[in-house]
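Chain naming follows the written order as A, B, C, D and E, and within any one chain the residues start at number 1.
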Amino acid sequence: MDSIPILSLLTFLPLAGALLILFIDKNNKGLIRGAAFTTTVIVFLMSVPLYFYFENTYEMQFVEKHEWIPAWGVYYSLGIDGISLFLVLLTTLITAICVASTWTAIDKHIKEFMISMLILETGMIGVFCALDFFLFYVLWEVMLIPMYLMIGIWGGQRRIYAAVKFFLFTMFGSVLMLVAILWLYFHLHELTGQYSFDILSYHGLKIDPSAQFWLFLAFFMAFAIKVPMFPFHTWLPDAHVQAPTAGSVILAGILLKMGTYGFLRFSLPIFPEAAADAVWWISSLAVIGIIYGALVAMVQEDVKKLVAYSSVSHLGFVMLGIFAMNTQAIEGGMLQMINHGISTGALFLIVGVLYERRHTRLISEYGGVSKKMPIFAVIFMIVTLSSIGLPGLNGFVGEFLILLGVWKANPLFAVLATTGVIWAAVYMLWMFQRVMLGKITNPKNEKLTDLSLREIAYFTPLIVFIFVLGVFPTPFIKKMEPSINHLVEQTRTSVVVQIENEKTADGKMAIAIKPPVDKTSADDGEG
Amino acid sequence: MLTINHFLALSAILFVIGVVGVLTRRNVIVIMMCIELMLNAVNLTFISFAYYLGDMTGHVFVFMVMAVAAAEAAVGLAIVMALFRNRETVDVDRVSLLKH
Amino acid sequence: MASIPVPDISLGAIAPEITLALTAVVALMLEVFAEKKGRDHIAYISLVGVIVACFITFRLAGDPSWTTFSGLYVVDRFGQFFKLICLLGTGMTILVSVKYNKDEGIDNGEYYALLLFATSGMLFMVSGSDMITIFMGLEVMSISLYALAGYTRKRARSNEASVKYFILGSLSTAFLLYGIALIYGSTGSTQIDIIAKAVSSGSGVEAVLDLGIVMLMIGFAFKVSAVPFHMWTPDVYQGAPTPVTAFMSAGPKAAAFAAFFRVFNVAFPSLQADWWVIIWILAVATMTVGNVIALLQNDVKRMLAYSSIAHAGYILVGFVAGGALGSSAIMYYMLVYTFMNIGAFAIVTVVGRKGEEKTKFSDFTGLGYRYPLMAVALVIFLFSLAGIPPTAGFVGKFYIFMAALKHGYVYLAVIGVVNSVISIFYYLRLSVMMYMQDEPGEDLPPLVFAPSLIAVMIVAIYGSLWLGIMPAGYISFAQSAFLAL
Amino acid sequence: MLGLENIWLVPILPLIGAIVNGLFGKFMSKSSVTLWAVGSTGLSFFIAVIAFLNLLSLDARDRVFEKILFTWIQAGSFTAQAGIQIDPLSAIFLLIVTGVGFLIHVYSIGYMSHEEGYARYFAYLNLFMFSMLLLILGNNFLLMFIGWEGVGLCSYLLIGYYYEKDSASNAGKKAFVMNRIGDFGFLLAIMWIFWTFGSIDYTTVFPSASQVLPAGGFAVTGITLLLFLGATGKSAQIPLYTWLPDAMEGPTPVSALIHAATMVTAGVYMVTRCNALFNLAPTSMIVVALIGAATALFAATMGLYQNDIKRVLAYSTVSQLGYMFLACGVGAYVAAVFHVMTHAFFKACLFLGSGSVIHGMSGEQDMRQMGGLKSKMPITHMTMLISALAISGIPIFAGFFSKDEILLSAFLGHTKGNLVYWILATVAAAVTAFYMFRLYYMTFSGELRAEDQHVRDHVHESPNVMTVPLIILAFGAAFAGFLGLPIIEGGHALNNFLGPVFHTPGAPEHPHASLGLELFLMGFSVSVAVLGILVARHFYYVRPEAATEMAAKGGFIKTVYTTLQNKYYIDEIYDVVIVKPVVSFSRSFLWKIFDVKIVDGFVNSIASFVTDLSSLLRKSQTGMVRNYALAMALGGVFFVGLWILALGN
Amino acid sequence: MELLIFYMFAIVSVAFAIFMIVARKPVSSAISLIGVMFCLAVFYVLLNAHLIAALQILVYAGAIMVLFLFVIMLLNLREKQGAISYHRTALQLAGVAVFCALLVPFMSMVTIPGTSGGAGVSADFGTTAGVGKLLYTDFLLPFEIASILLLAALVGAVALTKLKMK
């Protein structure tokens, strides 16, 4: 396995597919779709062995490193650990499903669409694998382009506004991060005498706390916008609503995870003190996001917007978990990322199914759909339940672990966040009721047809994962645990040092995290 | 006692007059003449510096400026001719198709 | 009769300039004998001249640097790199011009001769190590450009462009010259390394020297179109024939930056602590004003003009940063900028059709599907201009901001990146037009892609894309060629 | 082979049934659906009985069996096993659930035979069995929570079974959300328990509770109150009870199984299961007892004037659940479990009986349309009569024993205010007797009042498949009480069996009363019940018009009447005080103002600021060359000035 | 004596210059400019720049200004009818005053150490021989560039004024 550059293959195979499609005649729609689908499926199949060959350590694995811009110390270096492993797998899975879902939904400019999709996949996989800041940043922004095109070309009425807003908004955050990266780059040189963009060499770097604050803020802007955290979420409903189904799925399923991934990969290990100082603020925002997202979702009239706001709520959980900074919460956060990818992805696909049939997303246009689409109703129900965190399905495990960890960090946040469980039930079930239940009142719904085999086929893997992750989450957690423990340790040791320093300095504690004194948390460190 | 400052002050005044002319006149040809005046003022500066420094680079420079001035006058007047043929005017304020 | 000492001359050093001048003369002569039709060969012969000049320049780009013509001319890698950029710009412009000029009826030798003269002026300017060389080079370049801007003389806009360019250009020349005069007066020389010695030893006359430096800066700022000396740019860029605009936005700007950078870093390094503030202000104002005004433009050429102002601002950021990294960043950026900007203008000439009737944003509606490859090319150029990876524009910006941060200009870098976000909006607007708007109803005759245009687009795509994906070689070249002080 | 080792089969079998019917039910014949559904439940019941016998055969102290199947969640120090635990408490519940569940499955064959979603129904029902059994058999809190939410889900699905009816889907949603509010507490309690004990396994938590948590401390009170919040949701106690009456929108067997016999008692199971914790928290005990007693009376009064036969039973269920919590609150856990058991029999029987009536009346649920069914549906009539007597607490019937034990415990209880609870509960007993017999008389005596001729013609007794379960349940309702004969010392079989489970540190002493007091209290409660029955007989049998006359008189009586009929307007109050404000706050402030105007508006205003700036700056580009020159000159002056003034070296 | 000449011609040249920018007719402006140029030639003589003084008359006054006059005549230009705008003149004078106030003080700060009065200039300073020698040795390069410049200007001027566009 080591001899094969598997990560490069995964990253660039979609690009190769895109090039291939470039040479297919644009009227040969079947071939285009087939080529795209085959590519994504091959990529998915190739990514599956990663899971099995992945060893349970926190070390980066499947590492590849080649010189790229030696003058700057830029390397083309890829590798995955327990944190990125699942995001890569999620990406390959969701993309394949997305391609399958666009079979009939996208009927104009198919060639362009598929090329965008494949380029997007390259970007996404690359972002999760990149171990070099430069490479990371390049891919991080590369993804914006196909996503922008997807929203802007194949989107709804206000697609241009949404696409441009999406692009500018996310770009704004990332450029500040760019400045921070460059600052760090020279700071690394000052500290160690070497010029390097290697991400891992920044982990545990002792950066002056006052500088950390600004750097953390810059990274925070990039990631918080991507996540999106509460006050930075405004691009999301627009982008989601206007994007075509596959775009929304990718956006919700994967792109949002890049923000949370960023926090795990960069913000916590590089700026542990600043992160610790920010815990209260970020957790508050996350909690507000959870409740706010849910309440606003509840009153939406557009299904897609509802799901979009629900993402704000769900991602609030992830953020809360990450900033609880203990093993359970971060693992929960990771699981929640995967779960959100699957369930919200599935929800968007569901909305897509409806939209494809009725060309409206207004909840009031529907009602009683169950009668006409029983199989669809079952799938919808399962996904809904997964989304509201029913135990036994995937949503629960993540949410529970997050809340568990948060309780330890700060019970008040845990209590407030747990109300999210209630709100989720309210808005999801209300939506389900208004769309699916009751009598058919709108005659247009009389003609609805149930899912086709193809549609069932692409929902199936998602449903399977909804159950598998709900019932057997441990194998997944085990793979990520070493990395997360390592991360927690990294964060904690520097924070402990800082606390001691502050104690000696002015004799007061300014940190929201407790040092590892009690038995359970000591266990956490060792995993 | 005649000092370099006299010459420099004079050339500064002439330069300023040239600038003001450029800013206030609307006739392209007059504007061009104002620019010539500015170049002349600069020449005076060069020559005075050259004299007081005892260095002839200034003279060479003035020589070149004259060449430049001639070239500019040639091209500039050609442009004015073309403008006049197109627009029947040499009023720069009326040459404002391109804006914002 | 006093014997005249044999001057210190190395014609080899100015071989590229000589080549260009000779080629220009050849072009003029060919014009006399050329047929009414089938006169593309003038363009291609000019191109050959440019390529030969390129080769010579490339061969000259060795270490260490040396001076000739009694210290008026310097051969160093910094200069050679910028010369290559200028030549690249000229070469691409020639290719862009072929078809355009035929449509416009201006496909004559004078045009190419003027291009080549302008280029040779740039090369002198870039390599000048004396104010007088720089000034003369600048004037050769400017005078040719005044003529070129008004080359389609029947067209009112072209005419207006040249009038404006001429008046303001001459004004700026006067300022520049006054600056040189004052510097000369206060240091006793026009040679920049001697000036440097005088300045650093403090023997100069300070007040007048300062005034001279500012005047000089105004002159250069005008040429690189830095705010508030930028106002000619949009009007001239919009009015001039599109290939000329493309030309003006690349080579002359690069040459002006090279001279600007060289003069300030060689002659006044000891005053850097003072003048960086002015450049800083210029950089911030230039980026911001350029980008902000570009937002609401409706004409693509004019938008690109404002964008070029903004890009001058980014380059000024590299200028402020200075040092090896700053200078190599400017070099790399200029190189990339030449590719992407001329590429974009090349497409504007295609879409603009005969007589440049279609350079409005709305004229790009739906092109993404009717001419997919061309649209993709334009999108690449635009994204590159916007600085989005994996294009070369990104690496260029990265380089620039890297230089800024290396020297601690954090705010400048932040302002820069925020500006680049603003800029994305108007670049995106064009892509929105091409891909996201419904196609217009009216039937227009199909666009014509001459082979020369395709060639230039390929070159530009190569530059805008490959320099972003695999920039290592160019970066190490640029870094080895930074201005040795 | 079928020993305790294989106890995991008990929940798994219905799950298999659920999966098979859920996935393939649409394509299978009705009989094979039935076979899978009922067969799996029956088998599960069979294994449960054997397991129970196995458990009985063990020594009283060793009656705890635990089996770990696999590790469900492991994250850092947190571990949640998927493990099965059976002890006397769960064994009792196991039998009730599988037994009653099996009977109701059988009954459903008949009741649901004409329904469209037959397979769907059984899939849900089997899934419910699975969840409920998981709830009971899980060896840790999180597993209980899965079952807990699982049953909530099934309840939701089954209430909304007739999803085309808006009222049904509303009721389902209401049930789910109300339950979720309770679950919120439960979930927090689990976290609190974990970070206190470092584990969520029963076998770790309960034995060490008294050492880890100081009695009456903040932590244990908090944990137990949160747990009880969970219980109020699931078991429909004040203030989260309103979903249960609405839940009657579901098919009647569902009401019998889920909303009477099993799921709603999950709260009781949880509280009794956590007795080790509750015992340490006297404050929580008071809360439990008070809420229980209050609910018992409050719900009973709401049942007084309902006309829907199932709603009466629903309020009665809420009320009876109140009794159970009262028992828990005064520490009489055995009595609580005893009442769960007897209640399972008589309430399931009553529901199924009402189902039979509804079935016979072609779906009519309004008691004002019924009457005189005694002769037309004799078996139903008999079984319902027995159950009504049982619920009213008439001696020898099961309800008498269990309810009496609760009343006695309340009277003697150590908890503060026990007499208040006793009074509340006794009054509730009288009310219960009244409304049950109101139901009985309105349904079975007198003349058939149905207006629809079609209904009148088709009144018929239900098929055997429905009546046999009724008879079995009625048998239980009649005689199950003898398991807990209070008078004969040592004859309280249930007490002996469950004893070890509740002998945890801090458990209250079992109250001892003199035989005389016991007999007096017994007599008192019986006479109160008889009084209730007699009043009901007067108004609804002897003089049926009296009730309507009284109501028609107006004034205070009328007010009381309408208030009761409208259930004290609690739903409306919730709607006005909570639901509507939250929705309109979310819609008109959070979304339309905060999100759109402020958050989004801020971003958009930045954009429009930049474009405004753009159009302003554009104006500077006048096209006038002299202006440009002026700008250059002024720029020059500015920079010269800057250099001289600010930078001058 | 020199000072007197300087002041005399300085006043005259400034007066011509001002008249150039206020004059209503382009021809008057041109004539005024020629006047300024003659005055400058005098200063050049004062400053030992004999070659430049000669060129000033020949090239500037003789060639360039004639070109200007020629174009003015050719185009038969006149400014808008009417008297001199006193408003504009006032503005112009004010502008001149303001800018002079800004600029001229700098010039009084200049001190050339050791060479005040240009005492130490060599014999061929400013002579044709002196300047010519420089031009053909040290400053050969700009001299050559000037040839390109003039050719370029020529070509440019021709290109812009050729009557026909193909």
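Quick note on the criterion: a contact is a pair of C-beta atoms (placed from the backbone, for glycine too) under 8 Å apart; a residue touches a chain by one contact, two chains touch by 3 or more.
Please read all numbers here as calculations on a predicted model, not as lab measurements.
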Message: If each step moves to a chain the current one touches, what is the fewest number of steps from chain A to chain D?
response: 1
- prompt: If you average all the Cα positions, which chain's own average lands nearest?
  reply: A
Task: Give the chain pair that accounts for the most C-beta pairs in contact.
output: B-E
- line: Averaging C-alpha coordinates per chain, one finds the centres of chain A and chain E separated by a number of Å equal to 71
Field: Where chain A and chain B are represented by their mean Cα positions, the distance between them in whole Å
entry: 65
- prompt: From the C-alpha centre of chain B to that of chain C, how far is it in Å?
  reply: 26
Task: State, to the nearest whole Å, the distance from the C-alpha centre of chain A to the C-alpha centre of chain C.
output: 43
Query: For chain D, which residues are shared contacts with two or more other chains?
result: 618, 621, 623, 625, 629, 633, 640
Query: Using the touch rule from the top of the page, what residues of chain C touch 2 or more other chains?
result: 132, 135-136, 139, 143, 146-147, 150, 153-154, 162-164, 167, 171, 185, 207, 211, 234-235
- prompt: Considering chain B alone, which of its residues make contact with at least two other chains?
  reply: 8, 15, 18-19, 22-24, 26, 32, 48-49, 53, 57, 60, 64, 68, 71-72, 75, 78-80, 82, 92, 95-99
Field: Complex interface listing, chain D residues touching chain A
entry: 22, 26, 70-78, 142, 145-146, 148-150, 153, 156-157, 160, 163-166, 169-170, 172-173, 176-177, 180-181, 183-184, 187-188, 191-192, 194-195, 198, 582-583, 585-587, 590-591, 595, 599-600, 603, 607
Query: How about chain C: which of its residues touch chain A in the complex?
result: 368-369, 372, 383, 388-390, 394, 398, 401-402, 405-406, 410, 413-414, 417-418, 420-421, 424-425, 428, 431-432, 435-437, 470-472, 475-476, 479
Query: In their shared complex, at which residues does chain B touch chain D?
result: 19, 22-24, 26, 92-93, 95-100
- prompt: Considering the complex alone, what residue numbers of chain E touch chain C?
  reply: 103, 106-107, 109-112, 129, 133, 136-142, 145-146, 148-149, 151-153, 155-161, 165-166
- request: Would you tell me which residues of chain B are touching chain C in their complex?
  value: 8, 15, 18-19, 22, 28, 31-32, 35, 38-39, 41-42, 45-46, 48-49, 53, 55, 57-58, 60-61, 64-65, 68, 71-72, 75-76, 78-80, 82-83, 85-87, 92, 95-99
